[in-house]
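Next come two complexes, and both contain chain A; in the first it sits with chain B, in the second with chain C.
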Partner chain A sequence: MSDEMKIGAYICKGCGIGDRLNTQQMATIAEREAKANVVREHDYLCNADGVAMIQKDIDEEGVNRVAIIACSRRAKTEAFNFDGVAVIRGNIREGVIWVRPDTEEAQETTQEMAEDYTRMAVFEARYQTPPKPSGQAGRNPHLLVVGGGISGMTAAIEAAKAGYQVTLVEKEAELGGTAGKLFKRVPNAHPFKDPMDTGVEALKAAIEADDRITVHTSSTITKTSGAPGRFSVDITRESGETITENVGAIIQASGFKPYDANNLPELGYGKSPDVVTQIELEALAKAANGGPIKRPSDGKEVESVVFVQCAGQRSDKEGHLPYCSGFCCNASIKQAMYFKDANPNVDTVVLYTDLRTPGAGGEDFYRAGQEKGVIFTKGTVSEVETGGGLKVKFKDLILDEDTEAQPDLVVLATGTVPNSGVDIEEVPQNEPGEWESDPNSVLNLAYRQGKDLPLLKHGFNDSHFICFPYETRRTGIYTAGPVRRPMDIQQAIEDATGAALKSIQAIENAAQGRAAHPRSGDLSYPSFRKEGCTQCKRCTVECPFGAIDEDEERYPQFNESRCRRCGTCMGACPVRVISFENYSVDSVGQQIKNIEIPDEFDEKPRILVLACENDAYPALDMAAMKGIEYSAFARVIPVRCLGSVNTIWVTDALNTGYDGVVLMGCQKGENYQCHFVKGSEMAHYRMSKVDDTLEQLNLEKERVETYEVAITDVERAPKLINDMAETIEKIGMSPFKF
Partner chain B sequence: MSNLNTQMIEKYRNSFLREVEANVEEGEWVKMCMQCGVCSGSCPFGPHWEHPPQEIFMMIRAGKRDDVLTSDSMWMCTSCYNCIVRCPRGLPITHIMHGLAHYAHRLGLAPKENPTHKFAIKFWDNLTRTGRVNELKLGLALYFMNGFSEGIKTSLKMKDIGLGMWKTKRLSPMEIVGGHKCKDVSGLHKILAKAREIEESKAQKFSG
Partner chain C sequence: MSEIVATNQTILVVGGGISGMTAALEAAECGKQVILLEKNPSLGGRVSQLYRYFPKMCHPTCGVEINYRRIKANRNLRVITMAEVASVSGDEGNYQVKVKISPRYVNENCTACGECSKAVEAEFDDEYNYGLGKRKGAYLPYAMAYPQRYVIDPRILGSDDAGKAKAACKYDAIDLEQQEQEVDLNVGAIIWATGWRPYDAAKIQPYGYDRIANVITSVEFERMADPYGPTGGKILRPSDGKEAKDIAFIQCAGSRDRNHLKHCSRICCMASLKQTHYVREKYGDDGKATIYYIDIRAIDRIDDFHRKVKEDPNVTFVKSKVASIVEDKATGNPVLRGVNTEGYHRYENPHDLVVLAVGMEPSVPADQFPADVTINEEGFIEPTSQGAIFAAGCSSDALDVNRAVQSATASALRAIQVVNRVAGMEG
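Entry: the complex of A and B
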């Protein structure tokens, strides 16, 4: 294909567009004003004939920028899929005729709307380059799994079954992790009545037998650098001997450590050997091997045992865990069964505040515990006295009274703390050139933003819990098992299987230079004009995915396959040197500048709407499908993420004479829905600074509004646009119209 | 304290739950209660019970033997069956309540002045004597349940209804002497004796 730009503009008349709009007029605008090289109208552009017409122009006329002025970019994507050219969509169906009434009075403003979308599409096309994969792509069908517990072993086996090489690294001398320390596990199959074998030995044997899996025990990761498809990992043995492996993707299954029960002296831990944690009871049960369990202090066979649920968990107290660890209730039922199965006359009491037995068989297992005679008492334990026999003091919440029990043994359900390495918010990365490995880190990433995966809360790794639970904020690195959130064995196995699949996907995406979720398949990647860069580091700091490092001269260094193509760097750059081939400051900026701004006295304001393509834009599309109307003065431009919005767009719009700007991103904060995690948050922060600009321009600050919009806000999103139209009516038109 | 009560305390010591499982009709269900409270919320008499069913089940598990057995709560049950219909665990709550009441009575712990308890005894004695309910005697016994003068007052108040029933042949004054009976009274007594024997041997066999 020649490098000469040739723009084809195609205007569809189907779906009622031809009846409602003067498409001939639009075609004239595309040709005369926007200077498209080829302009054609068609009755049904998405049918075989229409598509063939476009393809013919591509083949014979050399059209390489195709502006399709028809329906929303979310519709007919398969029909309008042309190889090797840039395809732009002007939205005159969902964006115009479906949101405007079909009346005589509305005709004029509706036509103006469609004409503007025509201009915008052609100008967007002008600032496009068809994306090509970068030179950084590489395929390496080799997977690193960090952690040899049940999650890690499952992930390794699943990936190996799919034909990928796996290197499994475990810091202990033996595989097995926490599950390896258990006597038995909670059952995973009907009738969910009895504890069952943990399955750890079978997994170990399967790993042993699989020659695709290489195991390094007593080893840790001392350095991880590179990007998906070409990670380089240093694996160091206890002896100090280090080997380097090249892998395509990484699964972090580093699991959890039990909460430190020494923080619970009020529950008698550390004061009496007969107060044990659940994990310690597993050791006693292993020693008893199905026989009567003996208490640690004097070896007496236990005749009565009390399980204290939520010990140091689900509590606001200083040093306690605020969350539920998810598996402890089932684990206590299982452990009570250890006693009951050996001798039904042992008194087993579970003291709980809320019994939570997740999983398909949870309720059945609870019932089985009751059938075996385990007593469940709803109560909160205030203290375990250890002087002269154990005394568990608790408040019975059903009978509303303070009472006590005197068991032989007390078991504390203390919960889990994730092994997520160092908190990169608190432990900054070494300065370039001074990198060294940190023994507390799990992955020891050489990334500029820190050595481990970012955390969300309570020390668990951040992943998009609604839409992409496996995707961490480091592309090609997936977390599985209880390092991600509290979970039991069954959930960890499912989690690990999913993570194995996701990492295989990452390897194959990296091989083709394609993006991972949520812009999967996108081939574009950010590039920057080095000579314009001021080394301000905003892009490196703000990238939600740690894709940007710094080179020796402290210029940003983009790692394309780590990039998720959100454009947050582009929005951050104060000198606007970062751009994508198909998405840039210009590709949006030129759309903003090239619409018709009517004279101040025409009483036709213009509202710029920058809507996130993931949630806000589909919400507006759905509003259109439901026939919800919004102001004819709005011009909506989809953006990859609100984080990619550069403040220059807002300033330009106000300077050009727009009367209002509405920005729609996703929910931010701890319960974020932003598809790029931090994009919406960054945008809101940046826009909070826009007031100064407005002041300089002597404009009212109501003219710029930033909102969090969910995909379900079908009624609200159009209303936000109408609200702005009302505001403008109140405060008057912008004085910046030329 | 009744002899049986002493025996039972001795036998089950700290485990009232096991005692209930062995001796109370449907008592083996008590351990299956998951304390959701739907029974208590569904009971039309709920607000008037000292201990609603959910609490009774918890008290049994907490070993509160005296509090449970001397309580008048089970005697308040009107057998509306709301709790049975709604219990998510399928506990036959109404039956357990009657079972507990019956067991408390057997042990001599049931509240003496509870009207339901008193009526139940009178009804049972009346019925088992001849195998037929003697309505005249049962009615009069109820009138005089709370003393002679109250009995006279109630009788006078009910006089017209009584005469009306006599005229329409619904009530015979001759019932006061003997009354009608079933064909084989001694056979019935044998059946009842056997039933009690079975009940007791069941409790014996329980591995408590």
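Entry: the complex of A and C
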């Protein structure tokens, strides 16, 4: 196929389009005004005949930009899936005839709407290149796992089983992590009655036996640079000796540390050796090895034990953990069984507020505890006195009375604190060329935005997504296990297996130059015009995924396999030098500039709507399906993310005579719904500065509105457009019509 | 339908809810060939029937839209709807699967223009709304349904409506002659993601779900809260259509109970806490919620959501397993009887509406499983199961969406391990 651009414009007449619109007139516009090389109308474009017609033009006429002027890009996507060419969709069904009344008075403005979408589709096509992968990263089927606990070991073994090489790095001298310190674990299969073997030794043996896995113990990561498919990792031993490995993807399974019980003097910790944490009880149980457990103070066999649940957890008190650690209820039941299984006469009491044993086996295990004689009391502990024997003072919530117990041993269920490295918001990164590793960092990323993964809630490294829990904000680096949220062993195993899949996927994507979620498979990537760049660093700072670094001359380095293709950098760039092959300042800007702006006295305003393609645009589609009307003066352009909106689009629109601009992005802030995390937030921030521009142009600031719109805002989204139409009616037409 | 290509390096995913979609996409995005079967006319599963997700209070359709986009863009993935597995034979790396495909009576020509639906008169209970509303005999399962293609209800076949639907279609998309098909697939590994169904509330006799109009289930309440649901987003009493402002939520309705489901369904506490927000959203300070519970299981990072609801003066927590519900005939109010075990106080509390937080039951009963897998007493597939049939999501355990997605992603890797082994052996 020659590189010469050849645009085919195809106008569908189906679904009532032909009855409602003058498609012949649209075809004339596509040909004469927008200068498409081939223009055809079809009664029913998405059927086999219509698709074959387009394919024939691709094969025989050399058409390589296909503008389909028919239904929404969300409909019939598979039918219009042509290889090796750019496909653009002009939306005249959901975007025009379904949102306009079928009346004679409305006919003229509806036709104008469709004609503009025709122009826009052809101009978008003109500023497109079918993307090709950069080839920056090759295939490197080798992954790094940081952390040798049960999560890390599982991830390593599962990835190796799929045929990948693994390097496993553990900072301690031995593999095993927290699970390695346990006597037994909570059962994972029927009948869920007795504690079972932790499985740690079996995992260690499997790693030992697998020649695809290389283990480095007593080692830490002192530098990680590069990108998916081409990470370079420095692994440093205790001795200071460093080796460098090249890996395709990374799993961070750095686990947790137990909460520091010294923060709980009111519960007697640190005052009596007989007040222990759950993890300390495991050591006592291991020492007893199935025999009677002895208390630390004097070695006496324990005859009575009280478990205090939620010790320093689920509390807003200073120094306490605000979350529930999830596994401690089952862990206390298991530990009570250590006593009961050795000697049924030992008194075991679990003091709890909400007993949390969810899922298939949890209730069975809870019942097994009750059957073994473990007592469960709903109560809140006020104090553990340690002078002359232990005294646990608590309020029994069922009997509604203050009471106390005098056990030989108290076990505090204290919960977990994630090993998530340094908080990159607090710890500044080194300047380019001045690397220094940080002993508190887990990954020591040489990324411009900081050395570790960003923290989200409560210090955990996570994605904050419900639907897409693996999407961290550093592409190709996946967290697994309790570093991302509190979890038990069974969940950590599942989580680690899932993280292994995502790493493998990152390796395969990088090899082919394909984007990761949510623009999976996108081959385009950002590039920039170096001579225009002012090194302002806005792109580096605003990238939600920390993808962009700076070279020694301080120019941006895009690291495309780290890029998620949201275009936030393009939106950020004040000199507009950043673009994608199929999405650029021009591919949108030319659509904006090439619609027809009627004369001021025609009383036909024009409203530019830039809508997030993930949420606001589908909401408008659904409004159309429900026959909800909106203003015929709107011209809607879907954008990858509101973060990709460059303010030049807004100022250009106002300069060329648009009367209003409406931006629709996703919810921002703590409970953000933006699929690119910060895109919507960045857009709102940038638009707050647009007021100055409006002032310079002597335009009312109501002409530009930015909204958070959810995919379910099926009535609200059209209303926001209509509100703008009303505003314009009130404040009058723009004076910038030429 | 075009030919279905499958080999022993193909991964079959059974069930097109959030878990099945995730497993299929994650495997396909690793470059594997995947076939995804769904028994309903649209993908989406239970999550597509939820109004909001906890803890972010965001809308499930947002994530579903992204997944649909991923599906549309991925050529490694073949979706077959209205398809069920009839039997599975063979072994790891080489399974023979018989698939039954029910007729949709609408072919790929459909443009979703909706003319057939307008032409048809007959209406039926809308499955998407748990029967709370009606839909036409020619219908799109829901606004965002994928594939975006209409369905003809077989009950209109042979009636005037069938002819009207066919006549209304300009695109030759309605094919009333379609027959049930049986297809044999050879696949290497199977991911079982058939999900859950709400426990049948009528079986909990003392709660009177089948006798008292104003006792509904939590899944029905989701549809009611949705502005595009059967009540247009209004929380109304089924008995008289009055606004329900004083709502009781009964936890563990059918869960943690040897007479019903003996497991804890994990999600119901968070679901009810979330639903108290719906009451707030609709009625502000006039809305009151009372949660009757045994333990509030707001597990791990999201316990702060629980504590925030506790601070709401309009939400009351009563530690009690409700003993029985009777209807006050004069007002239509359900009256809850029981004992508040904190301090042992008897109560007899009338409410406008009762929402039963019904448990999760695996969709496929253990005795009807078409494949050889180990199923535990709760009906879930055990992690220790042998062979290359891997459970994903709620067929493996009672899980929330986040955990279901993790489980599905893990199952995708397990399936890939098998097909990679097959590929290696076949060089």
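Just so we're on the same page, the second predicted complex is superposed on the first by the 732 of 738 C-alpha atoms of A that agree within 3 Å, B and C clash if a C-alpha of one lies under 4 Å from a C-alpha of the other, contacts with A are read in each partner's own complex, and residues count from 1 in each chain.
As a working rule, contacts are C-beta pairs under 8 Å (C-beta built on N, C-alpha and C of every residue); 3 or more make two chains touch, one makes a residue touch a chain.
A quick note: this is a predicted structure, and the numbers were derived from the prediction, not measured.
Participant: Quick one: on chain A, after the overlay, do chain B and chain C clash, or do they fit? Just give me the call.
Facilitator: Because the two structures are overlaid on the shared chain, the partners are seen to clash.
Participant: Between chain B (first) and chain C (second), which does A:724 come into contact with in this model arrangement: first, second, both, or neither?
Facilitator: Neither chain B nor chain C is touched by A:724.
Participant: Going by the contact rule stated at the top, is it chain B or chain C that touches a larger number of residues on chain A?
Facilitator: Result: the larger residue contact count on chain A belongs to C.
Participant: Determine, under the contact definition given at the top, whether A:485 touches first (chain B), second (chain C), both, or neither.
Facilitator: In the superposition, A:485 touches chain C alone.
Participant: Could you say whether A:370 touches chain B, chain C, both of them, or neither, answering first, second, both or neither?
Facilitator: A:370: touches chain B, not chain C.
Participant: With both complexes superposed on chain A, which partner does A:398 reach: first (chain B), second (chain C), both or neither?
Facilitator: both
Participant: With chain C in view, single out which of the stretches 39-47, 147-155, 165-173 or 183-191 of chain B clashes with it after superposition.
Facilitator: So the stretch of chain B colliding with chain C after superposition is 39-47.
Participant: Using the superposition on chain A as set up above, list the residues of chain A that contact both chain B and chain C.
Facilitator: 355, 378, 398-399
Participant: Along chain C, where are the residues that touch chain A in the complex?
Facilitator: On the chain C side, the touching residues are 18, 25-26, 29-31, 53, 56-67, 69-70, 72-75, 109, 111-114, 143-144, 148, 170-171, 227-228, 256, 262-266, 295-304, 307, 319, 341-344, 376-378, 380, 382-384, 397-399, 401-403, 405-410, 412-414, 416-417, 420, 424.
Participant: Looking at the complex, which residues from chain B come into contact with chain A?
Facilitator: Result: residues 17, 31-32, 34-35, 54-55, 58-59, 61-62, 64, 89 of chain B touch chain A.
Participant: What does chain A use to touch chain B in their complex?
Facilitator: Result: residues 355, 366-367, 370-371, 373, 375-378, 396, 398-399, 403 of chain A touch chain B.
Participant: Taking the complex as given, what residues does chain A use to touch chain C?
Facilitator: So the residues of chain A touching chain C come out as 14-16, 44, 46-47, 71, 74-78, 81, 158-159, 161-163, 188-191, 314, 316, 322-326, 352, 354-364, 378, 397-400, 457-458, 460, 462, 464-470, 485-487, 490-491, 494-495, 497-502, 504-505, 508-509, 517-518, 520-521, 614-615, 618, 622, 625-626, 666-667, 671, 673, 675, 710-712, 714-715.
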